[in-house]
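Each structure below appears as structure tokens.
Same chain, two partners: chain A is paired with chain B first, then with chain C.
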Partner chain A sequence: MNNKRLFTTMTALLLIVSLMAGCSGNNKAGNGAASSNAGKGGKEKVEITAWLTPQWKGVLNASEQGADYDSFLKYAAEKFAAQYDKYDASVKVEVIAGDQRDQLLNVNLSSNTPPDVFFESVFPMGDYVHRGAMVPLTDIVDDEAKKDIDQSFWDAVTFGDDIYFYPFQHNPGTLVYNADMFRAAGLEKFVGSENEIKTWTMDEYQQILDALKTNLPKDKYPNAYPMALYAVNNQGDTWNLAYLRTFGSPFFNNEGNIVLDDEKGAKAAAWLKKLYDGGYTNPGAESVSSNDANAMFQNQQLGISFTNPILFSNMKTNMENGTSPKFDVRLANIPSESGDPLSFTYVVGASVFQSGNAKKIEVAKDFVKFFSTDPELVKSSKNGIPVRSSVAEELKGENPLFAAYDANSKYLFNFTGNVPGYSQLREVLYPELQALYLGQKTPEQMVKDYQTNGNKVIEQNKAGSVIYNK
Partner chain B sequence: MKLRRNIYAKENMTGYLFILPQMLVFLLFLVYPIFEGIRLSMYRINYQSETFVGFDNYLTLFHDPVFFKALVNTVVFVVFIVILTVGFALFVASAIFDKNARYVSFIRGSYYIPVMVSMVVMSMVWSFLLNPANGLISYFARDMGLGAVNLLGNPKTVMPVIIFVTFATNVGQAIILYIAAMIGVPKDLFEAAEVDGASRWQVILKILIPSVKPTTVYITIINIIAVLKIFVVIQLLTGGGPNNASVTLMYYLYNNAFKYNQLGVASAVGVIMFVITLLLSVPQLKSMLQDK
Partner chain C sequence: MSVTKRKKKMEKFDFVSNVIITLFAVLNLFPLYWLFTSSLKNSSDVVKMPPDWWPKSITFSNYVDIFQNQPALRWTFNSIYVSGATTILVIVIGSMAAYAFSKINFKFSNLIYIIFVSSLMIPKEIMIVPLFRIVQNFDMVNAYGGMIWPNVAGAFGVFLLKGFFDTTPNALREAARIDGASEWRTFTRIMLPIVKPGIGALFILNFVQVWNDYLWQLVVGQEKLMKTLMVGTATLMQDLNPNFAYKMAGATVAAIPMLIIFILFQRYFTSGITAGAVKE
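Up next is the complex of A and B:
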């Protein structure tokens, strides 16, 4: 009896001890902290993690065997480790979904386990700079890189006095149109050449929308609409931001505050509402996502939609593979009242998180510098548009559109204004657009409320910004 | 006497040791987070520091119209979904509990299938059906000449649609519980009612419903708690829109915690939700305990 009791007591104690051991496990190991273990060649072993959101498949292109979103960074990591002589470095590469980026980063930052390197578009990452979560990369940028990469890209990645992202490629946002649909609606004269980014005036754009609405043969294009409009969430909101600049609003002032609440801003909002109410867009913009719009365009249900080089190239690949209907797709600029195209770009590059471990930060910075400058690896930037003039020049034969994108670069506007709290600011825009499309707010009320609520977000975030409170 | 007390103490000690692992898990993963949540709700949390701000986060909430919209929407969801679930489950269970066993199994299985399917999958299916641009429902509506139908984009219809989707997914659980409870009601009560010439309606009203009261209380409590936390269907179907018309407390909490990085404000929402759940559940629990 006593033995039995002793056995049960011991079992219970064992359970407790194992449970406590499990709970109190040294999480430094999980942290990937630089261990003092000797690695290859007697060098100290340092393991870092690199995250990326899906950008392009393969090292150089998607046709490679086993091409995936992490192929490039994995290859770069191998090449880096083979030549690196400071430590026995290894890089663990993970792909994360773009829409889970903030959730994953916030959770990992709260638990002090951020990734060491993050490869992503710069625009949603600025908040992390303002929050003090990133390490400046100014010291790894040399004069040669500064000369090879245009100043507008350095401006986009500079917060305060420091550079926080190493520009790798960029993805300019444009419109895409179905040239076959244009021809079917009698719009041949508005179709640009294959390697051109066509610029239309506002009057021409309205003529195009009118013709697509009324002249399209219903038997060939049933349930088709002239242009894409969406506002269910923040995805693809940069095009919505561009539309709000159509009538010349500068959007941000020099102090980094929103200044949309004026005649120009209200006129742009009224224009969007007029397009929606006039049946020039897909129905239900308030509950349609940019993904829906993209799918509709590929199914020939929209004449004009939004795109960037990656989406455009994926679209063409889908057509070649037969996974979506094949038709003639071409690029156009977002029109504006001034006649100049509205042009913006997503600069994509790597950043280094403040992990608190000096060795890991050192390795992470060396890794970023390595794959952002290695002559072989930087060629992969052709999957978007290379930020390096040398690469664009070398590969212009492969992609004739490089020249057209380059011609657009003088019209680039910085859509984030590098303001603190930009991610939160994005959450303010789409509910206002929904209210506009539903008729719950007038265009004047919408721009007024967006400015008030948006500036409140910016002010709150300025208070906690390490850049503004240096 | 002393010896007996020692024996009792030893026997109790074994029992306590057995529940100790569970108590540790309970304290670590349930009680501690509650207190930590209350503490965090009084701090402004940055990546680098925590600053004590007292009730500032609560004041921020009370000045935010979206918070009140979320609160009202959540209450509406709780009231309608719980009433619909209890009412419909009672109706189905009382209609079939005394029928042929195979028939009962078939009905039970039919209603339970949606419960087994993940809410994410159900939400995605509904999203495909309801998409205003290329969804099946919009397509048929257009074909029938009803024009563009956008049930999720209309502030008047978005709430009823979400209530229906959630109710349709959850009601199977309540039906199963009711059928089990009704089968357990002593047969002699029904026989006595039959002898007295009671109608089916009277049997349901006077015997069946009072007999399954503990089940009703249980279903009500678990549904209140579940619906208070309604999130997936909002995230996948509407994103809280249009213009915050379907935002709920849980979705508001998620936005603050993971999109805006306002962990203090998010914790304050969590504390308020905890208090609401307590206030709604305590009277029900009390009545259940008193009955026992």
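Up next is the complex of A and C:
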């Protein structure tokens, strides 16, 4: 009897499951296939897909009802479709996590079904340009946009002769410091104003680290260290790249090769090692991640850490709503021997993938141009720092730091050098830093090995780059 | 050695064993405890040093955010449905194949079995791209079918259940056939109930494997509503600003069905995983 029941149940379940597994779900839109047919108003129907990684919530800000990471692009898609007269266009928006990006893109590219539009930081996307997976956007950039957006941003999105990303906003990387901790260590004179990005000289920076190491009251700040240092993986490695430029190394030459193996590069590596060995940083930098460092800073265990506008704003919001300890946080530049701040930024913008479908590419480019130039939509760039001077000027009352970031823009360096294989290059740096901190390599050996191994990666990728082999 | 002395020695041994087992149990349960309590903290408290062993202020905001602002219920359903459906299909189809390989003599059966089982050595990651193309051609991207069928076509279930069928005496099958039972009747009425512990073990192992199959579900379920719980939760993370407590809440929600499944099937699991190991 039991066996009969078991068999009947299993068969019934099998039938139900088989039916549902085969029939449910949908993929009518398809990613790569031309989904063109008659649409509204007799216009041809074209559906494109737009992917983005989490950038900000809401259209304008996170306080909107139902604000989510896809709110902005969904709103932009609706507005675009309503005014678009070439086709009956629709845009399907999907959010993917940053750590899912390469897996999803590679599988979809191998299957000829890439997303049509991708909205993301430019730096991890450069390799796709070199692979020939993207289409140039030079033809949708007009003179007005070129005037409104600083040349340094155009440089960051230009590969060879063409523009491949339409800059929308940027997230400059700076240092963040605990001003309360500075005061407790007797460092009042080094504290900048609330809306300033303070620039210290290298001597001043050393004085700050010395005081944070020795003068901090241990009862108030137990287990606290002067500055953050991490090298467990490639996360937040842009700050490490900046530290390696501290003594004037240009890092890349005009041919797109690494040139860190010189006196300046070795001096920077020796400086990092000295800070680490001298107890000026959190211990175990080789096994600490940038996330750990960020968390330590929020728990007042570090005097100086790294940040960008989104992290900084989230940190302040957490303090205001009581979800993290409240203290006075302010911004500073990464110091350099020359006295000029070391400034870099993550340019965020849209790109268009080569889907092989001319109509989709046309609609995708029109969509990118639309939301990157529409006067209402470009205001959403205030969630980072606007790349458009007009927007920064208009909204400076909302965020007084816009002016400070703007002043820094003349010191920006392009940390990727737009070299092919940048993602792989990132995998070369942190093992070298680990070897440096663990004492397995001297600073000279470290920069030498990084340059040798890094240039190998670049050379290999140059061979397959459509930009270098035009 | 007298019986009393031996008994006392055994008691001491039991005591030491129990202490060691308790220590191991605590070690194994601690991550679950940490996961659950961290999900009730604020993000910065999760990574606080020294840590708060119990949340100083309990917050449910991480759970509220997951279920109120995201389709987490749908993601949970997707995970349960995909794992459950795949597992049932694996058991039904795998048990039939395993029975055939174990009890029915047919031409090249050993060769086919070896080829079949050899596929276990090929990592799934290698097959992702061709598999994705096949699923695309079947129009199963963003469909449950695309998540389920490729996992059904695995050899593990057949391999595991064949071990169990091998331990059942052939005389049982022969007796059933002599009494006039058909092959199907012999399989369903006589043999299948005997390998119930193996089916229980396979249920847990396969359910857990599909539940944790992140990469394939990520690639196939690209629409927001078609994501599984773990893939969906991962999309909410920012690279440089992860909310650790949010992650913990997502992982807790993902772990609960697993715990329920394990508690329900642990009897079969513990007996089943060893039962198939010895051939009589």
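One rule holds for everything that comes next: the second predicted complex is superposed on the first by the 439 of 470 C-alpha atoms of A that agree within 3 Å, B and C clash if a C-alpha of one lies under 4 Å from a C-alpha of the other, contacts with A are read in each partner's own complex, and residues count from 1 in each chain.
Simple rule for what comes next: a residue touches a chain if its C-beta (ideal position, glycine included) is under 8 Å from a C-beta of that chain, and two chains touch if they have at least 3 such contacts.
Bear in mind the structure is a predicted one, so any value in this text is a computation, not a measurement.
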Chain B versus chain C as contact partner of A:N291, first or second or both or neither: second
Touching partner for A:N318 - first (chain B), second (chain C), both, neither: second
Partner chain(s) touched by A:Q301 [first = chain B, second = chain C, both, neither]: both
Which of chain B and chain C A:N223 touches, first, second, both or neither: both
Contacts of A:N233 with chain B and chain C, given as first, second, both or neither: first
Touched partner set for A:D68, first chain B, second chain C, both or neither: second
Partner chain(s) touched by A:G339 [first = chain B, second = chain C, both, neither]: neither
Touching partner for A:Q103 - first (chain B), second (chain C), both, neither: both
Partner chain in contact with A:E427 - chain B first, chain C second, else both or neither: first
Chain B and chain C contact sites that coincide on chain A, given as residue numbers: 13, 20, 23, 103, 107, 110, 223, 292, 295-296, 299, 301
Interfacial residue positions of chain B with respect to chain A in the complex: 10, 13-14, 17-18, 20-21, 24-25, 28, 44, 46-48, 131-134, 138-139, 142, 148, 150, 152-155, 238-244, 255, 257-261, 263
Residues on chain A engaged by chain C in the complex (per definition of touch): 2-4, 6-7, 10-11, 13-14, 17-18, 20-28, 30-31, 53-54, 66, 68-70, 94-100, 103-104, 107, 110-111, 113, 223, 235-236, 290-292, 294-296, 298-299, 301, 308, 310-311, 314, 318, 323-325
Chain A residues within the chain B interface of the complex: 5, 8-9, 12-13, 15-16, 19-20, 23, 102-103, 106-107, 109-110, 127, 131-133, 223, 232-233, 282-284, 286-288, 292-293, 295-296, 299, 301, 421, 423-424, 427, 430-432, 434-435, 437-438, 440, 464, 466
Contact set on chain C toward chain A in their complex: 42-50, 59, 69-70, 81, 85, 88-89, 91-92, 128-129, 132-133, 136, 139-146, 148-149, 188-189, 192-193, 215, 218-219, 222-224, 226, 231, 234-242, 244
